[in-house]
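The following blocks contain the structures, represented as structure tokens.
Presented sequentially are two complexes of chain A, the first with chain B as partner and the second with chain C.
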Partner chain A sequence: MDMNEKPKVEEKVEEQKPQEVPEVEAPKLPDTKEGKLVAELLEKAPYAEGNVRRERRVEFKVPADRIKEFLELASEKFEMLIQISVVDWLKEGEFELVYQLWSVSESVHAFVRTRIPRENAKMPTVMDIWPVAETYEREAHEFFGIVFEGNPRLGPFILEPREHEKHPLRKDFNMIGYVKTIYGEDFDRYDESKTNYVI
Partner chain B sequence: MSNLEVPKELKTEAKAHDMYLHPIDKDTYELFFGPQHMATENFSIILKMDGNRIERAIVNPGFLHRGFEKLAEQRPYFTNIALLLRICVPESDVPENIYSMAVDEIVGWEVPERAQWIRTVVLEMARMSAWMFWIMGFGNEIGLYTAGQWAAAYRERFMRLFEELTGGRVYHIYTVPGGVRRDIPGDRWLRQLRDTVEYIKGKMKDFDEILFDNYITFERTEGVGVMDKRFALKHAVTGPNLRAVGVPYDVRKDDPYLLYPELEFEVPVLKEGDSLARVLVRRYEMEQDLYILEQLLDMGPPSGPYMVKDARLKALPRFKPPRGDAYAHVESTKGDFGAYVVSDGTHKPYRVHVRGPSQSHGVTVLEELLKGARLADVPVILKTLDNCPPDIDR
Partner chain C sequence: MSERKNDGFINYELQEFKLFEPLFKWARKKSLWIVAFCTGCGGIEMPPLATARYDFERFGIMPNPAPRMGDLFLITGYVTPKTLKRIIITYEMMQDPKYVMIHGSCPINGGVYWDSYNVVKQLDKYLPVDVAIAGCMPRAEAVMDGIMEIMRKIEDGTADGWKRYRENYEYYRKNQDELFGEGWREKDARRWLAWI
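Right, the complex of A and B next:
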């Protein structure tokens, strides 16, 4: 980690925390198709939290150990897994996984959020629910180092073999340091003392 | 079998050069298709062949990886536009738009009507020029080069219009959060656009004769690369590929954005799910896009500003949206193109995750569809799926 950048990242994440708490603790569901959809799912899965964000956008928060159970339930209404986004909250030491689902029949987009610790990040695979998850999980494994148990194809995917197991999209990946080791003297025109480099 | 084994010195030589020689038996052999092959567009597929039939296909992406998502975390919000639009080259306005729409949602900006009109026109023009690009690729793959050359020439008309509007031919850097970067040049530009639409509408008949209604196209695509509805939904196939299996899902109808709720257009659906259905769905969509452009031109650009009025826009590099996240998606010619942007309150995005449509239909689906196909079908399946490698690599 570049010493110049580290305090900045910590600052950012610290501010994030107080904002999230009131957002979740307001489970007032409107009387729309989105509200009914959320209420229906929460009835079957009381361990999850859900709310309606706006028209055609709903949101769920699920504990990591029950994510598979929840997604299995959700897959009845939400036919498509659009993508699995990973956000690295460095200060909190957590990865946030956002399973983004789309319901073709209801035209509703759902964020299913879950948080897992950064150390030894492990998740069950959802390949058996949506086979397309294989690709997304391979990507998340390669860029963040999350192990999806049950996915047989975790390995070099997009990156070159020399970059494998380096997990470049983690916030503590030292990008400039890595580029320096690879390109050496060609990289000398960059000044280390500058903090906010736009490459 | 002993006589087929690779000689030892060849093995050591290969290892010294960081290569591996896979043992092969009498009938099957390994074939590297791409990244140099023209049909694949810098994409590589490793094929296990049994004679002329494909036994197994392994997708090998990564030749276009440029680390845009990591770079986007190091740049201010507005600078990212010039970076992210390079994800999908034939349709570079789509990444601009989804990123801008996601940032708009985080900030809470309501884009002015004039900007919405311009954005819709730009998106539809991008779709038309991307269709022309696709005809070029597909025509060339099945040997109908004339269609491809015509399409390349017609695409040039849109390029010229784009150049006058934005200053760039391929990369436009035009749609920015809060509106568009500058106003439309004037009535002459609108007249030129109408002329182009009329012109290409007249040329669709020629395309039918030479490409879509052609014996060769039917012969090469019918019954090739068939998928069913359940398979397509489970694999998150979107766009024309999904509509070719009978699911009428179109982001413009199901999750309307910009001016699309006010426009009339149809979503063409076919049921066969083979390559021919995918080709024909695209042909019908071209007609719908021309129809949409006509409607937009009849509507005319609404008066008003083309950018939101916000004091924060005066110091662009230090522009800070509030904390939050948003997902925006639009219908591109490849499918459902989306961007997930997370803001932590600083002047750079905390995370940008782009969902390229080829990510879902270009890896597992392609591998499945290639199983049992002939070698000559590989470019046909690739092109009818409209696989765009930078969507996967980013």
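Right, the complex of A and C next:
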């Protein structure tokens, strides 16, 4: 890539913006297997947004109320659920769920992103599409407190009961305060005045 | 003749054994059977120790799957409350005399997980530790050095963690109960050890 190329592209976009708004919103999909895959899926599900990130990596954004519908459509091409990961956006007050799918037939990795409000977070389960989702949903439930409706085994999983109640991977979980109360304060590293700071 | 304590345990200070005590100490030092509790990166250092390069079997050290026949308890890597329960039960199942050696920074003071909600910061609040090897991770040479140290301590009689555990049992038990809550042995340990 040429270093001088980047500013030119930005200028062009700025010039086009006032004239034609809709073209910027829908970027053209490349003429590759990933592009065709995304176009095919978006044709069936017009409520979603999709784009190709790079070779073998595609990305979708779906509104939370239609996620199940979308994943059912996607499961025709993407046979495997790799992971359900959760991102805690504290300032926005939202959880972002990322369903990571793998297409065995096409060798394409897909991120399906969706956002739900942080308070009383609820999602429909996708266990009936991929049975393996049970484990990932239990994990998300334990660490973030998201309730997956329809999953029969939500409950204590990996953590000790005391940790399990607190949802320790939430961003507003007071880690140092918790550590001090559980393990005691007799450590040099916790010294606030830093007279005995170790690290 | 000194007074014999009858506290329900086998008393190793019996007069008739005193003559053979140097022999016993030498024998214990030369036949350490390891009960290895390898969590995290600590387990990685065990294969080079056991295989041709550092070959600890030439010192009479042997990995041993059963706590009932172990002498040396190796705790390598971080310790979580969940694993600490298992560690304590395993330690109490081992016979006297028993020695504890810990690897790496994590059991000493939490290491890189010092602010983590589920890593025990000071293992020696819950178990008596004879030798601690600092480092993250200590290489096999350092572990070898620690083994030499514990051999020396056994011969000196300064590796007395098993005695300290018995003498200060209230202290250790108090710390364990503070961390796990009272009655954790009945609640949790009975699930995997039916005879407790």
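Simple rule for what comes next: the second predicted complex is superposed on the first by the 160 of 199 C-alpha atoms of A that agree within 3 Å, B and C clash if a C-alpha of one lies under 4 Å from a C-alpha of the other, contacts with A are read in each partner's own complex, and residues count from 1 in each chain.
We adopt the following convention: a contact is a pair of C-beta atoms (placed from the backbone, for glycine too) under 8 Å apart; a residue touches a chain by one contact, two chains touch by 3 or more.
Because the structure is predicted, anything quoted here is derived from the model rather than measured.
Colleague: Contacts for A:178 in the overlay, against chain B (first) and chain C (second): which applies, first, second, both or neither?
Modeller: second
Colleague: Please work out whether A:157 is in contact with chain B alone, chain C alone, both, or neither, and reply first, second, both or neither.
Modeller: first
Colleague: A:135 contacts which: chain B (first), chain C (second), both, neither?
Modeller: A:135 sits against chain B, while chain C stays out of touch.
Colleague: Looking at A:168 after the superposition, I want to know if it touches chain B, chain C, both of them or none. Which is it: first, second, both, neither?
Modeller: Both chain B and chain C are touched by A:168.
Colleague: Using the superposition on chain A described above, determine whether A:109 touches chain B (first), chain C (second), both, or neither.
Modeller: first
Colleague: A:29 contacts which: chain B (first), chain C (second), both, neither?
Modeller: In the superposition, A:29 touches no partner, neither chain B nor chain C.
Colleague: With both complexes superposed on chain A, which partner does A:82 reach: first (chain B), second (chain C), both or neither?
Modeller: first
Colleague: Under the stated touch criterion, name the partner, chain B or chain C, that contacts more residues in chain A.
Modeller: Touched residues of chain A are more numerous for B.
Colleague: Same chain A residues contacting chain B and chain C, which ones?
Modeller: 159-160, 168, 173, 175, 198-199
Colleague: Along chain A, where are the residues that touch chain C in the complex?
Modeller: Result: residues 159-160, 163, 166, 168, 173, 175-176, 178-179, 182-184, 187, 189, 198-199 of chain A touch chain C.
Colleague: Which part of chain C faces chain A closely enough to touch in the complex?
Modeller: Touch residues, chain C against chain A: 81-82, 109-110, 114-118, 120-122, 125, 179.
Colleague: Per the contact definition, I'd like the list of chain A residues that touch chain B in the complex.
Modeller: Touch residues, chain A against chain B: 8, 12-13, 15-16, 19, 56-57, 79-83, 85-88, 98, 100, 102, 104, 107, 109, 111, 130-132, 134-136, 139, 143, 157-160, 168-169, 173, 175, 197-199.
Colleague: If we count contacts the way the header does, which residues on chain B are in touch with chain A in the complex?
Modeller: 61-62, 65, 67, 69-71, 74-76, 79, 233-236, 238, 247, 249, 254-255, 323, 327, 329, 336, 338, 340, 342, 344-346, 350-351, 353, 355, 359-360, 363-365, 392-393
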